[in-house]
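The same chain A turns up in both complexes below, where it pairs with chain B and then with chain C.
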Partner chain A sequence: MTSVSSPTRQDNGSFRALLGRFPFLPALLILVVLLVLNGIFEPNSLSFRSLTGLVRTYLALMLLAVAQTYVVYAADIDLSVGAIASLVNVTIIVLMQHMGGGGLSVLAALGVGVLVGLACGLVNGFVVAALRLQAIVATFATSIFFTGLALVILPVAGMPAPTVFWRTYGGTFFGIPFVFYVAAALAILLYLLARTRLATQLLAVGDGQQAAFQSGLPVTAIRIGGYALCGVFAALAAFCITGDTASGDPLVGAKMTLFSVAAVVLGGSALSGGFGTVAGSVIAALIIGLINSLVFFAGTPSHWQNFVQGLAILAALMVGVLVSRRGRT
Partner chain B sequence: MSRVIEIAKNPLLIALALIAALLFLGNTLSPGFASGGQILRLLIVAALLGIVAAGQNLVILGGREGIDLSVGGVVSLSAIVAGNVMNGMDGGIPLAILACVATGALFGLFNGLGVTLLRIPPLVMTLGMLGVLQGLLVVIRQGIPSGRAAPALSEFVTRPFLLGLPGIIWLWIGVGLLMAFILHRTVFGQRIYAIGSNEQAAFMAGVPVRRMRVALFMLSGVFAAIAGLCLLGYSGSSFANVGEQYMLPSIIAVVFGGTPLSGGKGGYTGTMAGAVLLVVLQSILTTINIDESGRQMVFGATLLVLMLFYGRGRGLRA
Partner chain C sequence: MTKLKLSGVSKAYGATLALRRGDLALDTGEVHVLIGANGSGKSTLCKIVAGSVRPDAGEVLLDGNAVTVSGPRAAQALGIGIFYQELSLADHRSVAENICLPDLPRKNGLFVDREALAEKASRYIALFETVAGGSLHATATVGELRADQRQLVEIMKALATEAPILIFDEPTSALDRAQVDRFFEILRDLKSEGRSIVFISHRMDEIFAIGDRVTVIRDGETVGTEAIAHTSPEAVIRMMVGEQEVLAAPQAAPPPLQASSDVALAVENLTGVGFRDVGFSVRRGEILGLGGLHGQGQSALLKALFGAPPARAGQVMLNGQPLRTESPRAAIAHGIAYVSGDRGRDGVISGRPILENVIPIHALRNRLVLARPRSLSEKALPALKALNTKFAGLSHSIGSLSGGNQQKIVIARWLIDKPDILLLDDPTKGIDLSAKADLFVLIRRLAEEGLAILLYSSEDAELLNNADRILVFNGGAVSRELSGAERTRYNLYQAAYEAA
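Showing the complex of A and B:
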């Protein structure tokens, strides 16, 4: 996995230079510390099995964090990623059910799912970039709309996914769990995307919209492109949610939206745009997962777990913001 | 002509016109929608949202991407604290008010310190705080019963108090007057606009920017806590995450009131109209006979359309 860091920074200190080039280093450090702590409290948690479980559960959040990262690149934000994921989740579940649940129907449903995500992203891009509404409130409004749509498609949670779908997602091929193939494919995809013109242009827009416009960039189209990319990755996240939960739920993604924003910040990207990496967001999604499992393994009483998780995530956010800023100023 | 356009662009007038239009529409769809008693009920709900939005408004006015996502958590927490302190007895109300204000101020203080001393972006800081608050709510619910509202508090919120209006509406009017006074008649208020429009210049001019920001977040916590207390009176007992429904609507009320999220301009009078507008809209959707799903879609789409009336970002020019 590679990183796109803003190319125009010149720093004297080697630490700063390193941070400027790899803004996700603090997150990586936190990740290692958390892995060690997990290992201390419960050696089993570092077993191949447990790590597979961790990836299987948090792959969805990784993808949502990546989705969010592309809009944050351009200094925008998308509070509807969770709703898009819910909508895609129920869409593919219902489609697969209607088409009999065979292998072909799964593929067709996934294709439609990606298109739904793309369409949602384009809607967001249109209202934020073309209509120039404020991103926070506009994407909140679209999230209400998408949630309504999801409720039309599947009014109550519970329709199961075809066996072939979740068996594949949770299965093992040639001794390697399926989710690791997905993770590898994701790594390659992100590497390639980081090299595209769109990624660079998004960062340029985030660095300064006016400057980007004056140097001839089609700012509106670029921002819409960012939202479209975000919608597609939210759809991919929905596939993972569906594989993990094996059922449809019109509200499944709602809680993940704010985590995706937290992951982007924790990964070293700046909410003010123009600076960041998708690698950091992926690592940060794992950090959130590891915090949750650490709180569990450390023997925290069950009703204290949410509180301790909240504190730990807040602390991690603070550390992430404080350290990554040193690479930029 | 330009003067007419100028007036037509006034966010307060837009909101009032939209409210009138929606009330008319509501009354056509379901006769009695705009009756006195019904409007009073809407105003009570709007007052709860409006009080939360007062704090949100201050934080947003202060600029530098000011926003408070933790208000919903503070509302819920405050409702529980109040319920347990008064536990159904009128005598406990003064202490409950104190406890709520202290709770709100404390979490506002944390937010403010994180934003100023550690320079964490407000969105991130208050988002993290929301997570902490939600966890805290789980802990509290485990050990403590949810508590009950004192009869006097419920009466204050739901029964007519003066001139046929319940106490909470008077409280909201009081908040409105207080906000107008603070924003337009005090040095503190002038400084809010100063740091909101140009922090650097305000700092050079000797405005204690950091202390100001901490104060704004504390006020936001206190307003949310007061709303939580009133919400307890409205619903009788507190239940899980009652406050969550206020987080983003409080921001939308501010935007509908003509305060852009970039801060530095706007005021609270518009926000009050914005809160009423949101509540009337939601209420119309509940009277129309459609599914929850359809209602949500219409609500989301209407919000987007309404946003078109308000400060859209400026177009880019070479």
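Showing the complex of A and C:
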């Protein structure tokens, strides 16, 4: 009896260890399945061209999911990531327009954009960690505030981005699309960030705020750091949105906020904090993108698309949860 | 030479005075034992020194200078390290990260120096290499470790602060003999380096094996300090109990049980998570107390009898019939009632009216499908009246009541259909004094009406005053049974503090 049961237990143990090390494995599995399904419904969708298009469209969501992950690490949440992205989007569009739309003005605008994102993150961190307001409500409130600012800066959608900006984003250099350079740079950045003290400290805070405080960690500063990082990544996401849509829109990010939360969960991170990976969130953002394209390629009638998309995301979440649960018990 | 001196330190949480007057003088190069009964304020005293609790009054002197320990970081800067009884570990982080968490080694300012981290952690892991078990290594996730290994990691974390003052608040509760011995060797090394160590333990043998001096705390006040060499376990227990209590006559004899009263619940060799080989029997009309230090298996036993979760082995006989309680649902069907002191989590249905809080057990036992408020009120009112519950109306939210009245509502829940057995798991936790007295009058009356009652209380006085017999738990097993004139505080402490 024991001789029969012990190997399976060992298998389960190593599976568990694997899942503990790579919590995004279930998400990776779903990604592969979705790629195959996409290929079946529309072989063209696996061509280099369409994959480039997919990355170009969903790079913004990937960055937003990464942004969300850092606050979720510390068991916080940020419902204003989308609003921050909108605010940065209109800020850089208006700045670039005012400064003439040349290469230098673009770079200057991007610099300001990062600072705006950082400032928004600091505001969030201040109200949540220093003033100790409930993260979910406080960031909902700041999201309205940021959206309001965006509407003041650019009341109606439509101001175009300078040609040099979106041509670069959509362009190809040395035979490789620009977005892949961005993706590579992102991968290096995430790798480095994972090795910072802040990442470890955020996770420790998420594991137990009281324990972290008793260990002597500056809990408030760490949580503010998480929100600041989140704001910066939301600004980077805004750059990608701007590159993809080539225009300013004060409401463009709003609908992406909850997708970013969904991506974090789908990527294997715990909303209760202390556990997760940014890689998982990136993969999950791609999953959401692939679900959208699959719904399209499968020929779903347009008025059914949201319905099917919602069901598919639910199914993906369920598979992820089931696999992780098997790994844990 | 006095390294650290606390005088007249106090701390209140709301209306509860956790520490009335804490004094402590810690010398350089000594192991100073702190001892006191449940809730006497030892942990509060330690947390004040470590900066995680701010005192309301009193003075802390470090090397003769008055200091304010404004937080755990400030404490570290002042050279104070602490082992927390409830542990301060991050479950999903690795052993190495946890050991170095208070001060992660840095590289280029922003990054964690992985090599330095591994090197530093391995030094402290190596200290316990022979006794920790193979699964405790630098890259293991803390959440996957056994309880004793987690405790060792917390010890390593405290040691890694390299602080001149180290506080260990019950560091040995989950450790085995060999691990304790190794830990004591390390303590002796630290002592010879001139470090000052505060050590809290409930095991008398450990205290006398490692301590240089002992300070006794009773009811939030420092009673006195003695050199270990000049005292004895009996003398220490006497200090913990207080002279008056030692001389005081034993508690009133229990009311004589009716001759006809028969055994309601008999338990043999019951073993489960947190307790082992427990055996006893309770008659109808009897209140059987479960005593001893916190967490020695009393609550776990009561929960197991209620089927949450069921015991692993052993026999339970209810009214002479063998009983398996696989779940609370089955236990309720067999007439077993369970009241937890953790009302918020296990008792009250918060935000709902009083009526809804009284009827769920009645509804379950009678398989009610429809809830008709009028007929249910008729059932609920007598039960509430019997308990002297004060409330404005059955439709009012339970949140509008005081803690004591909420607990009465939870007890009333079980009384509509009379149970046979009432399990009380620290039922008076967080209830004011007059409400406590009310509750115990009620509990006695329920016993007189023929219920068999098991009572665990974290307050020793409650047990001594209300239980007819007391089983003293120590390390998950019953170490002694006190009945009649034996039910004194002295005997209770002696049984609770003996080596398990």
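FYI, the second predicted complex is superposed on the first by the 312 of 329 C-alpha atoms of A that agree within 3 Å, B and C clash if a C-alpha of one lies under 4 Å from a C-alpha of the other, contacts with A are read in each partner's own complex, and residues count from 1 in each chain.
Keep in mind that, in the parts below, a residue touches a chain if its C-beta (ideal position, glycine included) is under 8 Å from a C-beta of that chain, and two chains touch if they have at least 3 such contacts.
Not measured: the values here are computed from a predicted model.
After alignment on the shared chain A, the placement of chain B and chain C results in a clash. Applying the stated contact rule after C-alpha superposition, one finds that A:303 touches chain B and leaves chain C untouched.
Shared-chain residue A:218: touches chain C; no touch with chain B. Within the superposed three-chain model, A:201 lies in touch with chain C and out of touch with chain B [touch as defined at top].
In the superposition on chain A, A:145 makes contact with chain B only, while chain C stays out of contact range.
In the superposition on chain A, A:137 makes contact with chain B only, not with chain C.
In the superposition on chain A, A:321 contacts chain B only, with no contact to chain C. Ranked by how many residues of chain A each touches, chain B and chain C are led by B.
Judged by the touch definition given at the top, the superposed model places A:274 against chain C, while chain B stays out of reach. Residue contacts after overlaying the shared chain place A:265 against chain B, while chain C stays out of touching range. By the document's definition of touching, of the two partners only chain B reaches A:155; chain C does not.
When both structures are laid over each other on chain A, chain B collides with chain C only at 346-354; the other stretches in 184-192, 202-210 or 346-354 stay clear.
When the two complexes are laid over each other on chain A, chain A has residues 210, 213-214 in contact with both chain B and chain C. Listed in rising order, the residues of chain C touching chain A in the complex are 50, 52, 71-73, 75-76, 82, 84, 87-93, 97, 101-104, 106, 110-112, 114, 141, 144, 157.
Partner chain B is touched in their complex by these residues of chain A: 77, 79, 127, 131-134, 136-138, 140-152, 155, 209-210, 213-214, 219-220, 258, 261-262, 265, 271-272, 303-311, 313-314, 317-318, 321-322, 325. By the touch criterion given at the top, residues 20, 192, 195-198, 200-201, 203-204, 207-208, 210-218, 274-275 of chain A touch chain C in their complex. Within the complex formed with chain A, the chain B residues making contact are 65, 67, 69, 114, 118-121, 123-125, 127-136, 138-139, 141-142, 248, 251-252, 255, 260-261, 291-301, 303-304, 307-308, 312-318.
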